[in-house]
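One structure is given below, represented as structure tokens, and several questions about it will come after.
By written order: A, B, C and D. Residues from 1 in each chain.
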Amino acid sequence: MLFGKNENKNFKFTLMESTTIIENKIQELLKNFEFVRQSTEHICSFLEIEDYVVQPIADVSPPKWHLGHTTWFFETFILIPNLKGYKVFDPKYNYVFNSYYETVGARVIRTDRGNLSRPSVSEIYSYRHYVDEHMRLLFKDVSAQSELKDILELGIHHEQQHQELLYMDIKYILGHNPLFPVYSDKKVFDEIIREQVKELSFSEGVFEIGFQGEGFCFDNELGRHQVYLDAFEIDPYPVSNKEYLEFMEDGGYENFRFWHAAGWDWVNSNNVKAPLYWYFIDGQWMVFGLNGLKEMEGKQAVCHVNYYEAAAFAAWKGMELPTEAQWEIASKSLEWGHRWEWTQSAYLPYPRFKKAPGAIGEYNGKFMVDQMVLRGASVATSKGHSRNTYRNFFKSHQRWQFSGIRLVKSLT
Amino acid sequence: MLFGKNENKNFKFTLMESTTIIENKIQELLKNFEFVRQSTEHICSFLEIEDYVVQPIADVSPPKWHLGHTTWFFETFILIPNLKGYKVFDPKYNYVFNSYYETVGARVIRTDRGNLSRPSVSEIYSYRHYVDEHMRLLFKDVSAQSELKDILELGIHHEQQHQELLYMDIKYILGHNPLFPVYSDKKVFDEIIREQVKELSFSEGVFEIGFQGEGFCFDNELGRHQVYLDAFEIDPYPVSNKEYLEFMEDGGYENFRFWHAAGWDWVNSNNVKAPLYWYFIDGQWMVFGLNGLKEMEGKQAVCHVNYYEAAAFAAWKGMELPTEAQWEIASKSLEWGHRWEWTQSAYLPYPRFKKAPGAIGEYNGKFMVDQMVLRGASVATSKGHSRNTYRNFFKSHQRWQFSGIRLVKSLT
Amino acid sequence: MLFGKNENKNFKFTLMESTTIIENKIQELLKNFEFVRQSTEHICSFLEIEDYVVQPIADVSPPKWHLGHTTWFFETFILIPNLKGYKVFDPKYNYVFNSYYETVGARVIRTDRGNLSRPSVSEIYSYRHYVDEHMRLLFKDVSAQSELKDILELGIHHEQQHQELLYMDIKYILGHNPLFPVYSDKKVFDEIIREQVKELSFSEGVFEIGFQGEGFCFDNELGRHQVYLDAFEIDPYPVSNKEYLEFMEDGGYENFRFWHAAGWDWVNSNNVKAPLYWYFIDGQWMVFGLNGLKEMEGKQAVCHVNYYEAAAFAAWKGMELPTEAQWEIASKSLEWGHRWEWTQSAYLPYPRFKKAPGAIGEYNGKFMVDQMVLRGASVATSKGHSRNTYRNFFKSHQRWQFSGIRLVKSLT
Amino acid sequence: MLFGKNENKNFKFTLMESTTIIENKIQELLKNFEFVRQSTEHICSFLEIEDYVVQPIADVSPPKWHLGHTTWFFETFILIPNLKGYKVFDPKYNYVFNSYYETVGARVIRTDRGNLSRPSVSEIYSYRHYVDEHMRLLFKDVSAQSELKDILELGIHHEQQHQELLYMDIKYILGHNPLFPVYSDKKVFDEIIREQVKELSFSEGVFEIGFQGEGFCFDNELGRHQVYLDAFEIDPYPVSNKEYLEFMEDGGYENFRFWHAAGWDWVNSNNVKAPLYWYFIDGQWMVFGLNGLKEMEGKQAVCHVNYYEAAAFAAWKGMELPTEAQWEIASKSLEWGHRWEWTQSAYLPYPRFKKAPGAIGEYNGKFMVDQMVLRGASVATSKGHSRNTYRNFFKSHQRWQFSGIRLVKSLT
């Protein structure tokens, strides 16, 4: 079984019941599969063919690569080992669409993705539909495929992760084009509006964090464990653009005292003056979004800041970023889900974390170094893909994700 | 007048005659204009949209950029200053499609071209057709536009240069894709087949080189002047794949004695073993071309070698590369036109070379440093774009152009 | 007061007593000052003048820079603000010997240090002695200088840190010279010899970590706080060369499964096969040390591995690296002090960590990102400079420090 | 025989005479050998030990490397093959002090030289004296060593080349130190003062250039050959600081029209505003020299400009740089020898250039690509080391050599 997240549970159902439950579960997953596969294509339906191809920086992947890679996942981990007589769509695609799965063969060097004009977008859509057809074929007899439940569920969540990456990468591609092309004229995301409310207090004590329960989670959320927390206060809302602008106008980007040494180097090497996508035009801060270049809205949560900026803002404010544990304990009382919120916790394994065997085992563990955890979810996160135990992670300097800031204060 | 190539001529015609001659000349140029504009689009007609967009290395431009840049030339240097009431297609295009013309405003940093998904290919074709329409409008009254003859002619030759660049860049884009896509199944280029013939001898003396006559030439060919040459022998054919393979099999790439110090560094830093596009697959040398991956043909002229390789081959053979002057003097007796042939001459101004004033003056002179001259023309050169006085130039390490080798031997 | 480590204490002594105590403390510090200043020069007494000058990589500073920088600390933070009429030795030295103290003016870019042949070594020794003389002058009347106790103590500990850096940097400079020069023929460090003993067990519970008590500590050790720990076993000895060699011989450096993605990239980009300073010569592993190149000794603790290597070794062994808290709780029962031991904890502020105001506040806090904590001390650590609450830190890829590995195992 | 420079001569002397002449020649060479060896040490006698060690940029070698490398030349090419029973001073020195001689074994990567603190300066002086002693031993019986005349002569000239490199590198090391250390308080070089004189005219015709005669020359000067030159005027003096300052004050560094594209990139990437070693301090141009920082002297010849700057200055002036042939033909009438003068000629082989066999053959030929020729000599050139056929060469962007500008104008 993948990810071992139910390892310590007792299976008390009769075989009969259990089978029915699993069948129902698979039926539901297949519905999700169809929905997720369509949603990915819907996200891309607003693009020109040319937008699928480019890779302006190494962090950003061309949209067509996401389309292929998520498909490759189902082909490689479900169809090839399980569908008798399955013929791979194109044997070279493993090389082109593999990501970090070292066990599955040589991978394309990441920065090279933007050099590959082929396979064409239309060929990749054919690949998607070919794989979808064969997935339907394989799962025709649902009861026979009960052991594929976990990998199917993982594939769906994997594609949801790439849906958010698609939004991030599309925004980067359009937002770094001198023509500032509009992705869509319709509203794409629901934004939150900051309200003035009191901070929430939490007393000290031993708490439990980590995933438990019936639903899906990633391997890095497992290992529910106890932590000791001092008393703290936390802001129920993420920091707004207006608050962040005050930091900027108070010389936030010019005063090294607020910054980590590495952050200060980053500011100066890149001549940073504002969050990503902010442009000062004719005396007015403009912000690029999927609807194009618009006036900055003060009440919206600040977005596209990196860890250095989040930490510098907190230092300027005389407060701190929450730890993972503080965030998770407080989460039920917070307005969250609009920004990935930087925590003051590095991305490290929970106690008793174990890699799953095989290629799937590479999913999360191999990235547990040199990164920081972000909690919550963002406006770009797929529906049904957020949990208060979810551990997202990025490098300190990265800010093309929909990341924001929440503040805490120690009470001791 | 541009490029001053007729500076020393006497204009003895009556005004009447002269006007008629110029009108005829413009009529002919307009025919060429239409033909060249169509040819460029024909070259691109074999591409997928995705192929227009990528830029695998800084030297290679995305095909859609060539389409826009050649159009920008006509818009900027002919329509804007001469067509009353002309409205530019898009004011931002000057920024996107300007190349090296510092006088015309800020330019896109060259390596960034491959990051721009917009303007889309279809928008660029609209741009082309919009400019073509307005060119036809401007030249409706041919006699009124007589003073535009030279810049029109330059624009046409400029676009022909980019036609060859398109072939070079398309070949690079497809030839560096792991799927090795085929550009066309039909024959694209006429290749030459080496025959065994005697070397040609030339006696010592003072000769004249440089352009003279009625037709078009670039500014760098002007300044016809005398040179003294020692006696020499020259091979009537360029070096073949078979001969080059002998060099490889004799350890040519492993023996520093044949190489310049900079060439030897290049070989080792890049682990070079063969010309560009050569792949050793299952015991057989394969060569990528616009028809896809094919067996290497020994009798064809070797292609895609850089100056270091050409010079190393000559050193191995105990011969030399020709100087510009040797090549030009011998050219009438040579089989040339299939490969750009590396000379042993650096790209420097001829005596009395003068830059033209204004943006056009930047055309050639600013590149006259740190490059070597190649003479002849290649299979990818546009019809009517070759002359035995043509001075092409590339850096010593570049080899994505259709470049080959010709050998000479000193007779003293 | 610096570092605020006594902020929450009650001062109950009478002024009389207190003054005496402080005077005694200063007398003791001044003795330490003399000892530490001499020790630094003793470390360098084995060098040739040329060894003081070079900087083979950015991480390594030239020894003469350490001599100047530690002196600059006393001049800048003690003499200039406190010794009336003090004349700086050379006003340009602030530029040359400042390190990261942004508040004190422009600093030399770190990689440039190795380009500066002047000030000469002899000038720097004059600088040292000039500053030492003035320090003695300033502290002649000890009671008048009671308020300088903390900064004096910090300066002493700061110089001790640089003593270990001197050993690290000298070893790097000599160990990367093709002549493998010997620093000294006499024994420089006392090594530990691994014995076979049982692992130690610790039960779960809430524990306290962080500095408390009377002595000196750095700001990053403050904020003693509670943590919850699961039960665990820990090895009383660090991992030996012999054990590490088994990992190597079992293909440890060739199997990506043991490695973080970033670690695997590091191994392959740098073609790493063994710890730093290991050389395989004539069928024998040799290790470079301050006594020169010697046969590897299996029973000594492995040294000069980075976090990636430590984590890969633990993964291969099916164990883990300790967290900071596990290490500190277990420390009383461990053999420690011979290697800085990589923990599985990122270098982050303890709860309630506050930067001190002014330049001194930059001491530790600005580095609390993108690094891992190492605990213990090493053979190269100065006497009196180790504590079981000491938090050393390096980047995951760094290994020129005297770093080793200790293993733990979760018991739940 | 080396360099074949006498290949076409008839040896008509009787054996008796010839032997005596050669003996006398060797006696004279040995005197030169002693003088040159001492001169090198004299140049270094003004240095601190620390100055011998650093390498601020890849182009600059540490002075101690020059001391060792010139010695290595005599040991490798004269002592080892010719002195029976000679024991090399240290077998590892071949690795450390080899330069570009690929035939003699692996070489240190050039940028690494500045990382090597050992061998120490004192060891290198011992090496020098050891080799000098053995040279004297070998040449005790001069008549027996007659066949070593040419290699001895080459070694002497090789060391003279390194004497000028020593001045260049020492100036760079001291001139890039924030303390601006003085090399010597005494006058080091004799400067020329520009006088206002008329330009010299030369008529068109066929001329001969290249070395001929009895003395020493390098292989790249051989192959005396005919060239055709148009009529031209040439300035008898090199361009002065004052003239160059006019170019600067007329916006020379801000106007792309004067520059090659590569030169313009160089100006902007490096934010260049003036020649190397010029500093604008308190409203005054100061120039760093071996006597320290001094006021700029307008009448002295401008120094430390690269080819881009020289060509831009000429373009601004509406004149040109001379070709090699123009310079050599005019040289007898010129004031030359104070600056290496950039020519408009690329560094390419003369007709009939042949590499000598063996390691010595690498001397010049392997650098004949991607560089420009400079003619003349400089204030830093060793006595007896200049000829009007001497072909010095540097890359277009380099300017740490003592390079200046001379102007010509075409008369046709």
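Assume a contact is a pair of C-beta atoms (placed from the backbone, for glycine too) under 8 Å apart; a residue touches a chain by one contact, two chains touch by 3 or more.
Just so we're on the same page, UniProt names per chain: A, B, C, D = Sulfatase-modifying factor enzyme-like domain-containing protein.
Worth saying up front: this structure is predicted, and the values here are computed from it rather than measured.
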Measuring centre to centre with C-alpha atoms, which chain is farthest from chain B?
-> C
With chain centres taken as the means of their Cα atoms, state the distance from chain A to chain D in Å.
-> 60
For chain C and chain D, what's the span in angstrom between their mean Cα positions?
-> 47
Contacts with 2+ other chains: residues of chain D | none
Among line, ring, star, complete and other, which best matches the way these chains touch?
-> ring
Those chain pairs meeting the touch criterion are A-B, A-C, B-D, C-D
Contact residues on chain C for chain D in the complex?
-> 48-56, 64, 92, 95-96, 108, 114-121, 173-174, 176-179, 181
How about chain B: which of its residues touch chain D in the complex?
-> 100, 102-103, 206, 225-228, 230, 256-257, 259-264, 307-308, 311, 344-346, 348-349, 351-352, 361, 366-370, 396, 410, 412
